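Data block below; observations after.
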Amino acid sequence: MPKPDFGFAFAPNRALDLSAPLLPEVQVVLETEPSIRACMACGQCAAVCTAGAFTPLAFYRLVLQLRGGDVAAVGERARHCMLCGKCQMTCPRGVNIRNAVLLMAALAPPKP
Amino acid sequence: MEKSAWFVWPFMLGFMFALVVLLLRYLWWLRSLWRRPSSRLLSRMFSKHSLLAVREIFSEGLLHLRIYKRNRRLGFMHMSLALGWFMMIVGGKFETWFHSGQFLHGTWYAVFFRYFEPQTAGGWAGTFWLHYMDLGLLLVLTGLALAIMKRIRKRILGIHSSTRHTLVNRVALTFLWMIFPLRLVAEALTFGQHGGGGFLTGSLGRCCFSSGMLAGLELPLWWAYSLSLGAFFVVLPFSRYLHIPTEMALIFLRHWGLRAAEDLQPEKALQAFEIHACSACGLCLDVCPAIKDHPFQSAYFLRALRSGKGWESLASTCLSCGACEEACPINLGLEKLRTAARGKIHEKHHAVYSYLPTVAPVETSRVDVLLFTGCMGRLKPATTKALKDLFEEAGLTWVHLDEQESICCGRPLSLAGRAGEASALREHNRNLIQGQQARMLVTTCPICLKQFRDDYGLELPVYHHSEMLWYCLRAGRLKREKGTACFSYHDPCELGRKSACYQAPRELLQSCGTLLPLEREQADALCCGNSLGALSLSLSERQALTSRTLKVLEVSGAQSIVTSCPLCQHNLARQSRLPVRDLAEVLAVTGLPEQHGQRTAALAAVQEL
Amino acid sequence: MNASEYLPKDEVAIIGGGPAGMQTALALSERGFSVRIYEQKEQLGGHLKGWHHLFPHGVAASDLLGQLKEQVLARAVPLHLGQSVDRLQKVGAGWVLWQGERPLGRAGVVVLANGFALFDARRKEEYGYGLYPSVLTAADLEAVFRKEQPWPFGSDRMAPQVGFVHCVGSRDLKCGSPHCSKLCCVTAVKQAMAVKSLFPEAQVYCFYMDLRMHGLEYEELYRKAQVDYGVRFIRGRLSEAAPGQGKRLHVKAEDTLQGRPLHLQLDMLVLMSGMVPAFLLEQQERAVFLKEPVFGSGFVPVQGLLAAGSVVQQEGLFASGACKGPATLPEVFADAAAVAREVEQYLKSLKAVAHA
Amino acid sequence: MTPLLWKDYQKEVPDNHYFFVRSCIRQTFFPGAEAALLDILRNSLGLDVFEDRRHTTCTGIAYHCDLVPLETIMTVIARQLSLMTEAGYRHLLVSCVTSFGIYLEMLDMWQHHPEMLEQTREALWKSTRRSFELPVALVHTSDLVYHLRKPIADRSPHRLVDKSTQRALRVVDHVGCHYAKIFPAGGFGGAEFPSVLSGLAETFGGEMVDYPERRHCCGFGFRHYLLQENRGYSLSNSRIKFESMEAFAPDLILTNCPGCNMFLDRWQYTLAEMSGKTYDREGKGIPVLSHEELAALMLGRDPWTLGLQMHQVQLEPLLDKIGIVYQARQKYSMLAGAASLPGEPSVLKVSFQ
């Protein structure tokens, strides 16, 4: 029997489930670039971001999303980064942002 | 040939084996060219380019002039080994031709000629060949002695670090070291028993090996010589000694117009030859700013590429400062290879820049200068302000292209091996620049400078602000009086080694003060540690490199450190005890005398707060 | 000559005449020890001289300083003003104090109380300190409050826009200061409130990473600033300051709670410069050098958890106050008492050994 | 001071003499349930429960959709109360949780704004020439069933226990938002510690599960559901509840509000169609019962007379577990003769014997 069209759909669950284990691909990113863990979401990266002037790219939010397991969204957004390194220069915690972004961008499904 | 010739077989088998393996490997590397020969390559093959290649093989493959220029002792070592062996190969051919009257012989004949024809006499010409061959042998033995010394105490050869070798390489090295002493002893014994010989072998034979009791040792010694030769040839195609034939092949291929690929293909075309042409001479080690902390120097990187293991971390921790490429005696394209490797690591990265605004064409009046300060320029307002003051002073009109919003030039992506991804950024900036009417483009960031020059194909000339200010100074548009200030100047990698701009900043500084000489500067300058090339170098590792660089820069007498790259300045300034300023700031502050007074007073007032 | 006999064992030399030095001197003097203060400046007071009023109660800094000075004078503590000690030499059980090649004095015990230095805000060039006159540090603003310096905006501005940037040179590995200076947060709140009381129409913004209101009544002050003074707290770091309209500054930041970039025109930008070491302690076997700090060098290290001020591996050398790390004035005063007690115990133990 | 707090949320429920008002949704979707409840109260327990056939909807649905002004709903409520007054009752028994919330709200408003009460009296008088008294007790049917849980359980031949394994059945409850979230003192246990359903289930021997999203809305939300564009929002909220209870593998969802009963039942089908997922382990869905349906089943009423064939998730597995004997063939035979079988969903498993 064909599925009926209800004319509406449910929104995916927004709640973070911290009891679920970290996704393996997230773990790989965190282990390859451990400095990501030092992020304290101060927002310096987003404040100076060259791409951030045009698109809602903000590295600290990528870190939060990555830890929340929102892998596809992180990957898609990380692809907007120009890798200019300005954020890395000003990051007070010394996060290797460029490497982290490259690793994050690889999380998105491959480009068609 | 009455004597038994069985002992030549180990050499012959080894030699044939090496020849076959080499041929197969080279054919495999060149498979794409084999299938689709390029007309350019073929046309260059039969032209002066081949002669030029022969000349380079002579100067670099045999004489090792570039190594010699950097380090005489090391250069002599390489030269004596290569040239001596070459002399013996060529001389051996001529000698056998001369004595037998026929040109073609089995390969073994020349190699073991002394065994077969110990008493050959041929008048003065025969004597010449005897002494000539001994000279070649002596040269090789001298090189060998130096090589052994280098293994024991590298300082004797004027180097601080040498490569650590793998097992195969050590085996090959052992056989190589055995070959020539064995030849010496074997020839000396033969001459001692049968008479004759040159100044080295003949004299040694007469004084030590003339006793009849030693006659039984003659054949075993020639066996040992042949065995060590044969064993070396068997190991050669799998050891770093593959560099000997590969370097020669590489020189030809380069002269015939073959270029390395942009992406990593370690078993294909020119890249394969480059990777295997490295002799691990160690020059890249000594110049590397991170030599004590990281083993990512090119010799190790290429070795990792050859083995296919571990190259990833070496590629992503390296600073890409370009010091090794500058030092490499066979001009390997190390930077390109490294970025190719990074691109391979991050091949899943695909940038999306569809959000970029479209550049609307603007109707503007013609100006002298288009100023582009780049991403980093926004963090350096003092530089931009100083530069604009200097433009005013020089009477130049300008437009600050990216005053409101800037887009990355694309070089950081290229350094990460994702050059292709940067095309959208380049396109955007190109539109921005081409919409304007100006005489030149000036950037304050050497990273942008390199990208604009190399990859943008702009019609108007691109200058770094140090070059541009230097032209102003020479043209008399800026006038400076030599003050009492003492500077030490830090050469940014991207401006110095990558863009060959050393003179302009130096002359600018000398025009207003004293520039102090440094232990390492210009092409030898150290990286500030903040290079965009390194992807996974941690902050503490970067800071350690910065302190090392600062140690060089904080020479006694220096009142301030001057540089001309926003990245270097930012990085050095946070860690330095001396003030670190951009060239433009220095020039603006040490401006005209009355301005000078005002400005320092204003600065002092603010600093006193 | 036996040097240890020659040295005045019971005499204590205090290096630094700020609140820590004065309070330690008083505490020791009350316990009957003879004390001397060596101060490099011509006046006592240290950083306290430059403050206008103090958090959380708004006491005038000059009042507190006056009280301290009075007590020091009343106790007739010998003062060596304008004398900068740069080397301490261990002789027997005591110390000889040097300024360059000149011996300044001798003492059985030395207490370091040279306090802290303020982070040089020019090292964060993107904030434009030293480049734009409207960018001040917290110390500059205190000078403005003390009327030693004019407001950076015109007197016609009744409703200035003012921004405070927290954590300038604190919690910043790149600047070599990984620690939290802990009192900039409450200082910013205090100063923001002061600006609001002087210019009730002003708009005041605090750009912070985390607000650390650790002290007694600080949290109350923070709430007061929000509710009664209308100071706006924005969680996010400033990216850069650039010239704006007229004499104003154009600043950009990320509001991390909204997740959006923000722009603002400001008449005054105040940088909360953190506390960094004022000197580097280079310890050698028989001498201690007080040197200019290098990148990333720390505060004076003290022994273990139980000791208040015994300097690591140096018998008879103590440290008091903010030279050991960021501290508030009440903390400095409490510390001075604890250090004095430790010095007393040390001297008693020496006597006991001598008698035995 | 927790005991004091608990005292606040204990409710006085009169033992007898009720004026009963019906629920629109229960009437429409679960018509057998109200009949069964009245039958239990009157015939099994011998209570005096009076119902005036002239009473109307409380207009709560329209009120929560912002379609009916306050004055109108007050007048409608006043009319219901006038019927109660006319019949000589002082205890109002409400079948619908939303109606229950509406009555509470109007009484509360009249208490704080006596002038509104006067206006309402005037409006009712002008339009119908009726007058009314305020009720002494306002009781939801679940309150009454909870209050009478012991006598009901004593008469019950069944228990909430798996007959074959003697395992207590796991019950998740869903207390409707309007029951105690608006006026916590109006219900047993308030909004935080709802006990009106859990107490009932435990009396029958079931095992209560305090799942994380127990207090979350069922997703009805009136205007969220009633506009088709917003319906996904309603569904998403229901999904949060199901995701939360899934891990506890409940045997039964127990509700007190007819709206919730319908949503938690019907949305299981919709979610299964949209996402292919059911929240039980066998793909049959989690059975949903309201308090009076549960009481009727426990007392041995026939499931089909009770109208359980109106549920989307089939109840036969639950009936089998409890050990209730039923005539499978009778399920779809209506008064007007055998009806045609309903269509079969593509995901949710059903069986027609």
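Every chain is named by a letter (A, B, C and D) in the order it is written, and numbering of its residues begins at 1.
Simple rule for what comes next: a residue touches a chain if its C-beta (ideal position, glycine included) is under 8 Å from a C-beta of that chain, and two chains touch if they have at least 3 such contacts.
On a predicted model such as this, the values are computed, not experimentally measured, just so you know.
The central chain of the assembly on a C-alpha centroid basis is A.
Between the CA-based centres of chain C and chain D the separation comes to 67 Å, rounded to the whole angstrom. With centres taken as mean Cα positions, chain C sits 40 Å from chain A.
Mean C-alpha position of chain A lies 45 Å from that of chain D. Contacts with at least two other chains are made by residues 48, 53, 89-90, 94 of chain A.
Contact of a single residue of chain D with at least two other chains is seen at no position.
Each of the following residues of chain C touches two or more other chains: 126, 173-175, 240. Across the whole structure, chains are in contact as follows: A-B, A-C, A-D, B-C.
Contact residues on chain B toward chain A in their complex (touch as defined above): 316, 346, 348-353, 355-357, 375-376, 378-379, 405-408, 410, 412-413, 416, 418, 425, 530, 532, 535-540, 567, 570-571. Per the touch definition, chain C reaches chain B in the complex via residues 122-123, 125-126, 128-131, 133, 136-137, 139-140, 143, 149, 173-176, 240-242, 292, 294-296. Across the interface of their complex, chain D is touched by residues 1-4, 6-11, 13, 15 of chain A.
Contacts from chain C toward chain A in the complex involve residues 126, 167, 171-175, 209-210, 235-240, 252-256, 259-261. Considering their complex, residues 32-33, 35, 48, 50-51, 53-55, 76, 79-86, 89-90, 94, 96, 98-99, 102-103, 105-106, 108, 110-111 of chain A touch chain B.
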